[in-house]
Amino acid sequence: MTSPQLYAPEWQVQTWFNSDRPVLLSGLRGRVVVLTAFQVLCPKSLAVAIPQALRIFETFEPKDVAVIGLHATFEHHAAISVPVLKAFIHEYRLKFPIALDQPNPASPIPVTMDRYQMRGTPSLVLIDRQGVIRKHSFGPVEDLRIGAEIGALIQEAAGVATLDQSSAA
Amino acid sequence: MTSPQLYAPEWQVQTWFNSDRPVLLSGLRGRVVVLTAFQVLCPKSLAVAIPQALRIFETFEPKDVAVIGLHATFEHHAAISVPVLKAFIHEYRLKFPIALDQPNPASPIPVTMDRYQMRGTPSLVLIDRQGVIRKHSFGPVEDLRIGAEIGALIQEAAGVATLDQSSAA
Amino acid sequence: MTSPQLYAPEWQVQTWFNSDRPVLLSGLRGRVVVLTAFQVLCPKSLAVAIPQALRIFETFEPKDVAVIGLHATFEHHAAISVPVLKAFIHEYRLKFPIALDQPNPASPIPVTMDRYQMRGTPSLVLIDRQGVIRKHSFGPVEDLRIGAEIGALIQEAAGVATLDQSSAA
Amino acid sequence: MTSPQLYAPEWQVQTWFNSDRPVLLSGLRGRVVVLTAFQVLCPKSLAVAIPQALRIFETFEPKDVAVIGLHATFEHHAAISVPVLKAFIHEYRLKFPIALDQPNPASPIPVTMDRYQMRGTPSLVLIDRQGVIRKHSFGPVEDLRIGAEIGALIQEAAGVATLDQSSAA
């Protein structure tokens, strides 16, 4: 029933923070994955998406839900550096793994952002236990709705997909 | 596995608002029920629980989730009247059914509040599609968590219960 | 320079709460008066105006600023009673004097609300140390702006600088 | 009455943003100055102080109040660069002059921050029309209080009443 192209593509990462080794998407199979794409100089990322990612990380069990941050640098390339991200993660007390998306020398859009066809930051992708993309949204998402969607994916048996896969406003 | 006493008791109601006829809990079997107990002179009910009940009502499909308000008058009895509740519901634009709990002449605690052993207002009770109480909390609850719990109950097949049934802080 | 009609008219009150005796406007001469008109079944009164009145009451010195609440019952007359207001004031921990506006048998608009030509609730009136109306607004007002206006009125007659120069927490 | 040491010291700046030429404190004499010290990787600066500085800038007349931002880089020196600040100011739509504090080769504390003896970020300094420091605070400050203090300082030297007496929306 689910077409192959909905399987979440593997991400490609320049540097990982909060993880001793690279975190492979394939290694998270069996867990619900919440992928939050952000930029440290994007006001809505900082005011809305990062605090929400923190709440998700604190609300769900690691065995059920993996929260992954993705710094998708598609603007202000000259401003973003590893020390900026390191200081940011320290100051905001983020504990979940955060990836610096792999730059693409041929484009301002980094590799993972391009693979996932994200429209900007913040973006949020929900991937189910089988590795299928079940939600892909751009801009702020309400806690109640994202909570319901994560709760349904956790609960879901191996079977059928029912979640709305369209982008939020 | 689920002991009989966890089945949600039928509520007993003096007056219904936003419903032409009495809403029986037994008539909601097959849907997830969100029962929000509140009082119009309770600051946390007004600032937190009523806006959250509205968001729940607007987020989920009526075929999946029934939101029921319960005005559990356990204090300030002389202040609460049908006109007060009617005006309140009008001003706050509430559209879901709201019950005025049946007073108990022998106690300040009204009948339904007593049956559900609520500790005060606001209280929130989640009842699954089979009529079993799956959450019973007193005080504010985070949107993310209640969203996850409702999402899981909607998704749940007829089978097993996994939700935390303990009271929230 | 100030035309006589800008002098704030005396209020007319059915019942006072949080005051052993009637509070006359003429008795507040020499202080800045913040008059907050509200209704307990008005969502913006409860969510915005009452919390702001509380902050004003807690921020300024009583010798400089008198905060007066006015319950201007111009709708839902059947719902509002002295016990409703008493319970409300108790639950919201209001400590400043609150007046129940004098009903007008010939009109739904109570007497003081009519004298001040208020357009609805919440309304906010700033009266200077000489008894002159200096601001008259309907609907929510930003804290920064109302703070600046009160601060200017306090300073106006004082002549000398009294600002706190110590560090905030 | 005011001791000389309370006069605000001139700031020393590496780079100005949102201003074609250096902004001298001495050139602001006659206006109330709101100096907001912040860092782009400081959560409270971003969540509280910068939005408040924006509100202050939008609420008061430029002829009365000058808002000046000071990026006081006292930590994460390797992360902060002119492109970071430029991108930040662009993304947060800041229009008031912002100074990058002059680094001190002998100390992690930059020159202006040291002169003003700031304890960290965010810090807020109020300087009156005569150039005297009237408030010096560290950490978040309530809008109502800072509004009152600015309003008093504006009024202080003005002598006459200028408050808006029209109704708010």
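Per-chain numbering from 1; labels A, B, C and D assigned in written order.
By our rule, contacts are C-beta pairs under 8 Å (C-beta built on N, C-alpha and C of every residue); 3 or more make two chains touch, one makes a residue touch a chain.
Since the structure is predicted, the reported quantities are computational estimates derived from the model, not experimental observations.
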Reaching chain C from chain B through chains that touch each other, fewest steps: 1
For chain A paired with chain C, centre-to-centre distance based on mean C-alpha positions, whole Å: 49
Distance from chain B to chain A - Cα centre to Cα centre, in angstrom: 34
Contacts with two or more other chains, residues of chain D listed in rising order: none
Category of the chain touch graph - line, ring, star, complete, other: ring
Full enumeration of touching chain pairs: A-B, A-D, B-C, C-D
Chain B residues within the chain C interface of the complex: 40-43, 46-47, 75-76, 78-79, 81, 83-84, 86-88, 91-92
Touch list for chain B against partner chain A, complex: 52, 55-56, 59-60, 142-152, 154-157, 162
